[in-house]
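The chains carry the letters A, B and C, assigned in the order they are written, with residues numbered from 1 in each.
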Amino acid sequence: MEKILNKIEELKKLKPEMFGKDYLLTWEKSQDDLEAILLVAEILKEMHKENISTKIFDSGLAISNFRDNSTRTRYSFASATNALGLTVHDLDEGKSQIAHGETVRETANMLSFLSDVIGIRDDMYLHEGHKYMETVAASVQEGYDKKILHNRPTLVNLQSDIDHPTQSMADLAKLKDYFGGLENLKGKKIAMTWAYSPSYGKPLSVAQGMIGLMTRFGAEVVLAHPEGYELLPEVLEVAKKQAEESGGKFSVTNSMEEAFTNADVVCPKSWASMEVMVKRPPLLHANDIEGLNALEKTALEQNAQHKDWECNEHMMSLTNNALYMHPLPADISGVSCEEGEVTEKVFDDNLYDTYTQASWKPFIVESIILLQKIANAPEKLEAMVNNGKKRLEA
Amino acid sequence: MEKILNKIEELKKLKPEMFGKDYLLTWEKSQDDLEAILLVAEILKEMHKENISTKIFDSGLAISNFRDNSTRTRYSFASATNALGLTVHDLDEGKSQIAHGETVRETANMLSFLSDVIGIRDDMYLHEGHKYMETVAASVQEGYDKKILHNRPTLVNLQSDIDHPTQSMADLAKLKDYFGGLENLKGKKIAMTWAYSPSYGKPLSVAQGMIGLMTRFGAEVVLAHPEGYELLPEVLEVAKKQAEESGGKFSVTNSMEEAFTNADVVCPKSWASMEVMVKRPPLLHANDIEGLNALEKTALEQNAQHKDWECNEHMMSLTNNALYMHPLPADISGVSCEEGEVTEKVFDDNLYDTYTQASWKPFIVESIILLQKIANAPEKLEAMVNNGKKRLEA
Amino acid sequence: MEKILNKIEELKKLKPEMFGKDYLLTWEKSQDDLEAILLVAEILKEMHKENISTKIFDSGLAISNFRDNSTRTRYSFASATNALGLTVHDLDEGKSQIAHGETVRETANMLSFLSDVIGIRDDMYLHEGHKYMETVAASVQEGYDKKILHNRPTLVNLQSDIDHPTQSMADLAKLKDYFGGLENLKGKKIAMTWAYSPSYGKPLSVAQGMIGLMTRFGAEVVLAHPEGYELLPEVLEVAKKQAEESGGKFSVTNSMEEAFTNADVVCPKSWASMEVMVKRPPLLHANDIEGLNALEKTALEQNAQHKDWECNEHMMSLTNNALYMHPLPADISGVSCEEGEVTEKVFDDNLYDTYTQASWKPFIVESIILLQKIANAPEKLEAMVNNGKKRLEA
């Protein structure tokens, strides 16, 4: 309990400005915002462990809008909102009347009359996902300004085409825990590398989220991928600028070996080529199943030219005894596919670390929403801890 | 807060008889029932605005059974029941064993052991939707009478083939607010008119709900549609009778212009022809996709002969500066379709009004359920307001 | 209320060991476990009737994983967890990333960070469903042991290939209530018989659950089915052994008449032949729709050779005025099918009994979870009853 109270004291020193704000891109957030998110997540995790209720809502809805499949982010959103006292209402666009010519502005308002949070995943439509979120945000802002809505629900980006900011913050929480403090990231070599996958053409936003966040803490961030697998130039710019400002480094290479050499952290993870990403949205809009299948075939053929981009024992031996990270699920050679992102040996050796990395996401989401909804978070957390209401009253 | 307490005082003067009763058709409800629904909805809306909890249940389930797509009614039911402390359990007939030859009586009872409310949408099956609801109601009544069920869950019609009574009451709430009191509807001209839609053959119950409700307040209600788009004769009878009793008028015309001329309220909204509505149920039962597609084509071809039934600036200029109403989503010419129910200009000019019209629905649903479950609603509301439990305890 | 307190006193005399344990097979559970489940279910049912809250959780998730259709078990899980204060998060494998090569171990852990219970239905994969549950259980145990999870969520088998232990315990609750005590099952003849169904090839686990449970109370349990419709040999072994130990009898016959003669309880219910059950899993894995349809055709053709296995008035006349049981939905001749498991007359005559039989399931599920989560159940129940918090605060 002292551990919790100490963290609350730390939190009091920060000046986050998340109250009432959306959470779309980490690089729009201040250093204090990020540190507060981590601290609150740590506090909430500890409260859960100690069986202390974290409910701040008596009732209320959290809207989820998943435009791509999801297991763990869906769960994270469900568990985070539940722990705060909200209930998820899923906007299943198939079951809705959205096909009947409804505008985003309208749907956003119609689902916000009694809602507190809106979580959106839209990661497959390059140049569109983030814009969709901005349109939803502007729509509910307009509704609030015009007094159509009593409250302005806040948005949480559950993965866009640009950023995956609940994932990257969960990763940062893991790194803080692993290295014993954010300050210890200074000078660490973090390798965000492409890896081979036979499963499907994956979004870019995990890699983009990583370089867009980890460059802020003085680390040496290296991005590695085969030619043709470039990330969005605007994110590369962000990473470069942030690395300079933080006294760190940011570089891009086409060599996985180079990235792994002496790395303290490696995150080998597949994504689709830029060509595939660019061609996909029009086909999705046209619901052109055949075209999508053909494109998918292309994606996998392109990937298959880089089967050597696998995280195996040899690759790990190049590192500085690196922490292996993955947002999961990984394509594990010999387990979930013949050849994939990582060998079974490396994956299994690092199971505790990838699973605890994942364990942060519900608490990161919960933390973000709490900071959006509670103006004075330390005071509220302190009150809850002192009150000591049990989650399970056994 | 005084505003809320004043409304509670008003409520005390009414003698609603909704406790333990189903809510299927507005015309089965007394004037006091309707006025109580409006007042309680206004109180609940104000409580939400003031961040006061409206939870009356500690736990419990609200069953939803949607036999047609829905965005806003689904949301309204979810948010209303959540605000009262219930959790929605959706009967997804696809995922259930209903295909395995289960009877309505059985399913109704099986889903009621711990349920408090059942919300049903069944609007595409003419001459069947309402009957289905009556069968469910009779089944749970039988279960309760035979002591199979501890509680008799109450039904809420979320749109049948005959009425859409949560929609029409939300509309009435808007009209009361807009004109400053129900008594001000006296003598107002309300035009419920057909409008052209290219999207699909829509149910009749919005229009039927409107004429079945608005004729009770001394208004001059005009129904307008092309030939072949008649509504159910029994509802026309109800409208006629009620208009007489309330000192208002009810007439039917085939001219949109006539209906709009000097109207104080216009509600231009598409529905399918009676021919289409009659032919649809057997095809739905046979799951005859081809037949349904062919019928849908017929529906749209029939509609297309009446593209001039559009609510545009010219039409609006005929009115007495009328309030434009629509249950949403509207088919907006040049936005959600090439030619539709309403022009973008008219729609956008009236956005605040249609959106606030929609904002009433969650509170109307919540009000109905509260009145079904609480014998002495004013006392309970007063206790909640005085207790002042916050919804978000910030 | 005295009734409830008396049952709590009875409960105090038992020494169940369910706390923190999974619930997969009734025959793994002690006599005290089973008796405690019944008593707690009776108490919870009475508390519901008396409008007393049974919430023990302030927040938390209950994961459901249905690998087969379900209406009433899905509802039972939803209502039971809701009554305890948990919210269901459904793992819809279609919407998840499970297709993307995730392992069971991983998914199990990823959905357990903030979860208290996991309910699984996996009844169509012979020799696999139960194993799947064991794998999930081992996975979360590993996660807990490795300090990846704060809590070890407990499993509830919502029907496997081997047992359907929430169904059989609901059936036992009905029998206890019907005969006025478990001790009165001694010497009663209970006939678990196959019956003809034209609907689909049903799982074996209802019949297996029945013989695996009812043989523990000194009853004479007779299993009857046509040749080729054998149950799993390991369950037959269990039944035989238990009958011996309890001073009862267990026999198998191919004659429905023999089983019905002088029976005190009959449970005529269809299941697929062993041949069909064995051939199905590989086709399901291959997603071989054509093969599955062909197999289904075979299943129904096999069934159709035994249309005389119908529970009708003649059959009932052979019994000792037997209680008719069915887990529902039944295939009712002339109602849900032309010829089926039971005639309309017999079904309707016994409606109250089958419906109240079904009414136990939510409370059985709730009881099991409560016993898994609360070390001292009598004390907790007593506290809740004395505290008297209303479920609906009217």
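In the analysis below, contacts are C-beta pairs under 8 Å (C-beta built on N, C-alpha and C of every residue); 3 or more make two chains touch, one makes a residue touch a chain.
All values derive from a computational prediction rather than experimental measurement.
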item: Interface residue overlap between copies subunit A and subunit B, same or different (over half shared); value: different
item: Rotational angle, Cα trace of subunit B fitted to subunit C, multiple of 5°; value: 120
item: Separation of mean Cα positions, subunit B and subunit A [Å, integer]; value: 40
item: Interface hub residues of subunit C, defined as touching at least two other chains; value: 87
item: Parts of subunit C lying in touch with subunit A, wherever the complex brings them together; value: 56-61, 87, 89, 91, 95-103, 106-107, 109-111, 113-116, 143, 146, 148-150, 373-376, 380
item: Interface residues, subunit B side, partner subunit A - complex; value: 48-49, 53-55, 66, 69-72, 74-75, 78-80, 82-83, 85, 87, 199-200, 328-329, 331-332, 335-337, 340, 352, 355-356, 358-359, 362, 389-394
